[in-house]
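Note that the chains are named A, B, C and D in the order they appear, and that numbering of residues resets to 1 at the start of each chain.
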Amino acid sequence: MGKGRVEAFTDGVVAIIITIMVLELKVPHGEDLSALLPLWPIFFSYVLSFINVGLYWNNLHNMFHTVQRVDGRVLWANLNLLFWLSLMPVTTAFMGENHFAPVPVAVYGADLALCAIAYFILVVTLHRLHGNNTAFARAIGNDRKGKISLVAYLCAIPLTFISQWIGVAIYVLVALVWLVPDRRFARVIEK
Amino acid sequence: MGKGRVEAFTDGVVAIIITIMVLELKVPHGEDLSALLPLWPIFFSYVLSFINVGLYWNNLHNMFHTVQRVDGRVLWANLNLLFWLSLMPVTTAFMGENHFAPVPVAVYGADLALCAIAYFILVVTLHRLHGNNTAFARAIGNDRKGKISLVAYLCAIPLTFISQWIGVAIYVLVALVWLVPDRRFARVIEK
Amino acid sequence: MGKGRVEAFTDGVVAIIITIMVLELKVPHGEDLSALLPLWPIFFSYVLSFINVGLYWNNLHNMFHTVQRVDGRVLWANLNLLFWLSLMPVTTAFMGENHFAPVPVAVYGADLALCAIAYFILVVTLHRLHGNNTAFARAIGNDRKGKISLVAYLCAIPLTFISQWIGVAIYVLVALVWLVPDRRFARVIEK
Amino acid sequence: MGKGRVEAFTDGVVAIIITIMVLELKVPHGEDLSALLPLWPIFFSYVLSFINVGLYWNNLHNMFHTVQRVDGRVLWANLNLLFWLSLMPVTTAFMGENHFAPVPVAVYGADLALCAIAYFILVVTLHRLHGNNTAFARAIGNDRKGKISLVAYLCAIPLTFISQWIGVAIYVLVALVWLVPDRRFARVIEK
């Protein structure tokens, strides 16, 4: 089974997710600047999710570069990841529209955690298919960054109920850590 | 006529269908956990439809792998399938928002049945174009799974009016049967 | 300038148009069969537009098959066609929600006419770029079908104000004429 | 890292942006011609944004033609541009629904300016990666048109508060300047 169409389908779904999120940015009522100000939580949530989905696309892009083949299991592990990513527009709007109330912030974190778990399952599925000592296995290494992110999200969820800003701060921090370009795949590819 | 663009167009439409379904998952009113609970029927419907559309994509992906050429008839048989799939977001929301009331569950089943019929027509159209003793014909075989699914859906519709949960159970069961990876195409490809 | 990316972009936009049209099919209020009946005008409009957009995709698909190169003019002639096609979801919903009232039916016809004009401009632009005695010119011929469709749409608009059903009948008829597979391109390609 | 998938993803996102903008064109209430007239500001905004997004697609298309490779920086510079483009549907609807009131017109201009800045950053990022004396550097030249557009947008924002029509006029003018086909890339490609 060719990886080409899986990549194309994934690109399509991620492109749609990242773009329809903007539909939750409802047109503000009123026509002066004071109508825009109350939108900041929605806008900030949108920026955060745009970066998160962008990171997933980037990581999937790099990962599939070293992938040599896919099977039915990989396909469903990938669809599982796309499922949790597809919930992003709703969880983002839920967090933004409720001005970062604790429960919505925790729900957003739960979605991020489920994406991270799905990504981890996808990596393990691909690892099993390719075996050790392959370009894929070397590129992935022990995926420390992915594991730490997952732990961070899982910590953020209960901490949200102490203060939701701890949760939000953790989400921003994890995104920033990932924005630092991931050299692992690049290193293997260049070799 | 090249099959490449038909595949690309189909991938595009299926990617959009699977992603815009999430737009029916309206942002919950309220900001505590009790606001999330009433969403379970909508969420459950969404999961079921995500899997069903994912299955169609998977099956179309595998099927087109053994296809050698397409003509106008195939193109319209394919568009016919995409039409019934495109109704999934509406029938899914209709079922979820009405908390699995009998009529919406039956309508959802009717859409699944019409997708199955359209898939069957597509298979027959491709079979006629390719003839017997081709990779396509060998891969498809007698498509027992497809026929059984159609019969199951057609039975589910009237049974829904005895209890809607029979209908829902049948839809879940058929999806599970398909989730078991279909080895038919893989077998022929590997040969 | 390669035609590949123009084809891919066009496929993408048409795939999105054909799929987001379904978002205008609002989830019916109520949970029994009587809630579905009032939806027939919206459903019928949706079917008609699905076929029309499908026809345009099919024709663009075949036409670009014989195209050898594109330039800036072609690109904008193509975007012009996509613009009028992109209005389909709105004009379709306008017609359906108003149960085929004369003005909405005329507006729908105007959109179809503008699509036909845009298609005609695209054909002329491509013809000029390729010159006579090319595969493209031979395939297009004098585009009788396209011209007759345009005349039919332009007649339908005023006739709608006598009876809207004349307009609707003309739209259905033109779609049926096009559904008869167009052998012109196929003939040239096979040669 | 191959430029192919970056192009495909960009095409996908731009295709979706240009198409979902139409979802802001709400179906008019009422069924006679007088129901359509009040829609002109929304329709006019839609046309303007369709052309602007079409121009970006066109420019990105031409630019990536001369690009030889991409890295993580390019990818994020590109995502940054897509982010500001993705706000187009909202800023367009904000401007149209408020019948070109000064603040919405200024906000629309700010989005255009931010797109222009993001485009400029993308050009600089690609320039740095490719170095001088490359097809890319020659094609881009000093990007005078891009810089003048940015200055025009930045002037339009304050001028909007004198009269919003100055702002609108500037946006239309800049779009017209770009519609004149850009020969720079074509010239280099032809050589």
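We take it that a residue touches a chain if its C-beta (ideal position, glycine included) is under 8 Å from a C-beta of that chain, and two chains touch if they have at least 3 such contacts.
Predicted model only: the values in this text are computed from it and were never measured.
Path length between subunit A and subunit C in the touching-chain graph (shortest route): 2.
Residue numbering at the subunit C/subunit D interface overlaps only partly, since under half of the positions present are found in both copies.
Rotation angle for the C-alpha superposition of subunit A on subunit B: 90 degrees, rounded in steps of 5. Computed centre separation for the pair subunit A/subunit D is 27 angstrom, with centres defined by C-alpha atoms. Centre-to-centre spacing of subunit B and subunit D amounts to 38 Å, using the average Cα coordinate of each chain. Residue positions 8, 12, 16, 20, 23 of subunit B each touch two or more of the other chains. Interface of subunit A with subunit D (complex): residues 7-8, 11-12, 14-16, 18-23, 25, 27-28, 31-33, 35-36, 47, 50, 54, 57-58, 61-62, 65, 179, 181-182, 186, 189. Listed in rising order, the residues of subunit D touching subunit A in the complex are 1-2, 5, 8-9, 12-13, 16-17, 20, 23-24, 72-73, 75-76, 79, 82-83, 86-87, 89-90, 93-94, 97-98, 101-104, 107.
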